[in-house]
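What follows is a pair of complexes built around chain A, which joins chain B in one and chain C in the other.
Now for the complex of A and B:
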């Protein structure tokens, strides 16, 4: 049966991962390269095994095999096919399998891509990636198995198990259950929660005609893409961590591991950034509270590794250029990895109460165990090589590029620390004072805003500061033009009363950085035009071609600036109103008049009843659009409110159908938000992506050169 | 700028004054962080209480901004669309994760509390908000606001626990062939 095959494939992948992790380590320590090769093969083998298992699970979801408990809990007959596929990551067990599958994709890719070039590091990379993978597969195999099926006992009780009743397996299972019952405490409950191997004798398959179906809030395009992006981001950062551990293990702490992970870090970082932005977009589109970031613990869980990861992304440039900040970089990547695991744990364990978080689960203590082991191992290895990580050079001046990057690290870590404190505030306060105290968005905005602004400012100034030592005069000269333009622009806006003091300050900083970043492009292109006579557009193109990392990075910074403008606009100047009106009546807000036309109700696909309002929107007297905010009520009792949104360049007109008169459907209540500059947030995200592609684009001539160099070395020296 | 490494400086050890500058700079920034955290906490942190705790300490907490969690009693939900006033009653639920585990999980705890006639209850009033989709019988509500002298909780924000699909749930009835 499909489910049994799926369970077997996952179990085999577990064996492969464990074998690969151990054999690789043993092989490299005892100089038995054949075991390292074998480990590599086992590691790569996890990919087809987990791919097969995932495809089988998708098959079960699509075909509606409701005896499989996971299929019953997240799928249903009335769901469209594409949602049945995405239900793969709609629940705990499936999403863990999905996480593991993505991890196997990335580790296989690094096995294939980096094996020849970083020969000495790779055995340890195998161990680190396979160790992480083995943990996640273990969770799936033993505690959250998506292939477990439902069985009915003679007394009517429903149980889950992987296999059906059989003489050998059932008695094995009963024996294990009796043993587990005798183990006390947390260990006992962990052992008790293991998915039973086989159903007891006398059980019959539960024949269920339909499933519960996916939570309606998850049946949206944003929810389709958002978790995969986040998981890819998380998994993407495991690879640089693995290389860092390999560098510590082999003592090759200088440059090879940084060079090897340059693109991996960018890939993980891009996906994590996308996941965060898409999460905000989904919240905005579907959850209907007019905003996109609530500082919810689960959001913070993804933000924290992003903060440490972004610091790492920048800081490694200093190590490449001047052999400095080596210790910082090790600490940063270890922190990123630990926060990836912690973040995955936070969203699944119910530790912090959150509107997103999921129920208490047995896997909580297991995550803590794994995390503890990871902390101990990482710190021990770091301490062993601490002296060798000493910098080649030292900071000479406070005003230098190196110092700017040091400040960059400090600022990101401070925000990371603040978010950590805020997310766990209740736990800390209870430990320290016995009282449960909690903090909300107001607190987070207050403590992080100054540091975020400082980072935006740094983004603008750092490229202008020279290596080793720079002078204030030189810096001042470079800043004059952007500063004057920005101050004039903001000053005028402020004088006309368009800005509050806070937003004026923020926009000044943002404007300064926008100006200096654009100037960087101009200076580079102008220099080429002068020295090589290239036309401006050609100069600009070649500039990007020759310095992808640098100018791609500047494009990403531009994306950040655009997003920052969007954040300031949508936070500082949002307008809202809520009114009840009869058909034909209007609501006025700002420059807008919205006329409520009619309300209709009808059944729709996916087993829901839709109540939909038609409204016409006028801006400054001219009709600008017709919107259809609606309310979906699913047969399972789940409701969902979908806003009608008129997106314009400068702002969104966002309306929710909040209530309506039940009998005659004549009057209705609407909540309206006007969100200025909100689309700059999403546009900034797009610029982000473009910039990352530019920065990460492979330099084919450089690759050919490097490959030739490696091939020219005698075999023993390839490392 | 070419991507070549720069030669190391001749002086490999930083001078004492050189290093002090950085330490002082870092300390100032860290001090700013500490200040912001402390000030932010005094300004906007809230006690997180159960219904029992809030009622027990009413006298001390009247008017104070707190956050409270309870289970919604469905039959008490009333919404006046004209005045945008939402009112409902919540019953006490424990907040310790261990206690919730012991009693069989959050859904079980919510159900128990909602059907227990002896559970401490508290009336909640929310104004200016649309009636949330998730406001149903046995939903977990997290409200921020203050308790008034009349014993009613006036909430500024209302959060409802997102229905979970990560929770283990076994179908109660299954067709047997």
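Now for the complex of A and C:
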């Protein structure tokens, strides 16, 4: 019953989304505001409907309704309850429903928030968001229905269908299947893949006692939080895209769409960044290779829209400030949106199989169809308004903030392009030569490193460059102190042999940027102290309060610098060794000695056999901790290597249990990494997120003011 | 470690003890049967050094040195025996490429078809720089071509008399421009 109700709710939300997308467009074109209003209501209605459906699916997962195919495939009785809940996004069908649900949250919020102020744009915003949403719900309703149940035919065959056998529905389903079988080609197979409405007559419900359970690698807190963050980031970027499309459709291509969506962009960006950072942490904690970023295609799928979105985030500032780059910003947000859809496609279709691609299905062609349509519509809309998107201003000087932002865009897009090439090259290769190739981290690091370094350098210099025009002398004056300090520091480190040439170069750039970023805080605060007589902390506080976006942005820059130090440290100075030792023996690596104490083996919850080693770690002769690296072997045959990690401010001691003497458990093989400065990566990530919060946090007093202004306007003017 | 050496006169004895300890531990280590194959002089680190650049065709995107599956363990054993036979790192990689194709290499070869993946970033860079340069030129030309009363009214250099007040004023001005 619950499953049927869920299927009905999803179907109703599909109708709402389709109706909203069409009625809104029709209403505004034919000057029938009542249709626009009703479209908005339908759009908002998708939120309670999809919420209901998602909650029902969670209910089915928690109660262990294994007749529901999705529940059977991603959960099992032995799983803890919180994992049963989060299994909502543990598989294909649930992920898509979850995506749609989040999308409905964002679109409803944007309608409630921006309706009065952006009256002219909103009808098209409804169309664009609901068009996207309708596509995702369509996938859920017709191809990947999480509420479909398993039925057993009299001949023992197991089939999937939403409803049980009934005279009318079953014959309808049979008729449809016969029809689909006659359609040739891709369309035929798409029609054939549609989830059957009803089971054939005579079928009985499959009574399954237990499910398959979630992929063991996903049973980790990081993996529980990571996908929702990425999805929130993805759907967050759909809102600015919808506003951009609305601006193009209405011809209101001035800058109001940018202002209306600035915060949405930041919210989407915040979640995407969080998702990437948490994904890295998950990899470090669970995947057991001693690193946090492997340039895996699915990581790249989230990184690509992040790169384009970051370029957009910077580039809109030129438009707000100087009325320039209007066309370019449109191109960037369209590019970001397409990469969001493409990224979802990559993760959901299993096109490029990777450790993350747990979900494989036949929805690929549908995504390609949708993407193609999105490209054509976006480009056509952009072309229509191309001339109206002229700049108000010109570039006054090559050494100016505007030019620096342009350079930032260039660097982000080059990296984006490189990641795209690397991610897809294996497909090109397979298509053209029939042979798959691997494009590993070695390639990515090699090709992206110079551009990341250039970005860090630009991040240090650009904030010092004034708008319109700046002079070399002025820039030089601001740079001299950080430059001297950095060169002395790096020079000394280099002279004493702590650094390689490459890491010295990287640290020089990072140090310079760190210096100028800190100096930027100091200059603002010091100027306030002197001219306004505020005490230093108050001045700093007011500075943040008065211009959160600017200083939030600098905090983000600071986070990036701290992360960069961590990345350089953990890459350039990582030590590793692998050795086999008997109980009581030790392994020495760097300043550390690790003693292997004992090994134990026991069955554990979730149908796994755990092999766990106890080791004691000494640093410079002093005991610093005990670790328990372990190896989980799931009944499904999948292994997982969970590291033991001793995390300290300056470095991590990270040990993996690689192998052991099966019978006597007397000896074991360990792989040890000493990862210097890796905590700086996480600390930098934290600073980064705090900065984004500072920049994105709504200003309530300002909003009240603005709301009052809007309310004071005569009704005629508002519309 | 250096500070543990003590006075110069004691160095030889310490060296002797260390060497003995090292020897003893080597003997002990040899008595433990190594997991990833018999211990014959090729260390796990040397095997991993080679393995970290290789990928088995089954466990995509997991380098061979950290892959926990049995198949990868077998491959590592194979690397070990090849190294024991005296083959160099390059020869071992060549051996695997011959048997399983170029996909085993983490870094695509810079020759043949896969050279494309190395060339494309350069093409992207070139196109990017050209587009960037051209649009900057265009924006600059438009700037010099049009009369700019706005620019002449606002002197770029700020009055140097009170730089702090000017800086705060600029911050406030930028705040106003951005406010929303």
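Throughout what follows, the second predicted complex is superposed on the first by the 701 of 719 C-alpha atoms of A that agree within 3 Å, B and C clash if a C-alpha of one lies under 4 Å from a C-alpha of the other, contacts with A are read in each partner's own complex, and residues count from 1 in each chain.
Everything below uses one rule, namely that a contact is a pair of C-beta atoms (placed from the backbone, for glycine too) under 8 Å apart; a residue touches a chain by one contact, two chains touch by 3 or more.
Small disclaimer: the values here were computed from a predicted structure and weren't measured.
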If we overlay the two complexes on their shared chain A, which of chain B and chain C does A:206 touch? Say first, second, both or neither.
first
Quick one: classify A:531 as touching chain B (first), chain C (second), both or neither.
second
For A:452, select first, second, both or neither according to whether it touches chain B, chain C, the two together, or no partner.
neither
In the superposed arrangement, does A:433 touch chain B (first), chain C (second), both or neither?
second
Between chain B (first) and chain C (second), which, if any, makes contact with A:152: first, second, both or neither?
first
Quick check on the superposed pair: does A:394 touch chain B, chain C, both, or neither? Answer first, second, both or neither.
both
Can A:550 be said to touch chain B (first), chain C (second), both, or neither?
both
Tell me which partner A:115 touches in the superposition: chain B (first), chain C (second), both or neither.
neither
Report for A:160: first if it touches chain B alone, second if chain C alone, otherwise both or neither.
first
For chain A, which residues lie in the overlap of the chain B contacts and the chain C contacts?
320-321, 353, 355, 394-396, 398, 403, 406-407, 410, 414, 417-418, 421, 425-426, 429, 435-440, 442-443, 446-447, 468, 547, 549-550, 578, 580, 631, 639-641, 656, 658-659, 661, 667, 669, 671
For a test of understanding, state which residues of chain A touch chain C in their complex under the given definition.
259, 262, 287-290, 294, 296-297, 320-321, 324, 353-355, 391, 394-396, 398, 403, 406-407, 410, 413-414, 417-418, 421-422, 425-426, 428-429, 432-433, 435-443, 446-447, 466, 468-469, 471, 523-524, 526-528, 530-532, 543, 546-547, 549-550, 576-582, 585, 631, 639-641, 656, 658-661, 666-669, 671, 702
Okay, in this complex, where on chain B does chain A touch?
1, 3, 5-6, 8-9, 11-14, 18, 21-22, 25-26, 29-30, 32-33, 36-37, 39-41, 43-49, 67, 69, 79, 81-82, 84, 95, 97, 100-101, 105-107, 128-131, 133-134, 136, 142, 144, 159-172, 174-177
If we count contacts the way the header does, which residues on chain A are in touch with chain B in the complex?
69, 72-74, 90-92, 150, 152, 158, 160, 204, 206-209, 212, 214-215, 217-218, 320-323, 348, 350-351, 353, 355-361, 392-396, 398, 403, 406-407, 410-411, 414, 417-418, 421, 425-426, 429, 435-440, 442-443, 446-447, 450-451, 467-468, 547, 549-550, 578, 580, 631, 637-641, 656, 658-659, 661, 667, 669, 671
Complex interface listing, chain C residues touching chain A
25, 28-29, 31-36, 39, 43-45, 47-48, 53, 55, 57, 59-63, 66, 68-69, 73, 101-108, 113-114, 116-118, 120-121, 124-125, 128-129, 132, 135-136, 139-140, 142-143, 146, 148, 151, 156-157, 162-165, 167-168, 171-172, 174-175, 177-180
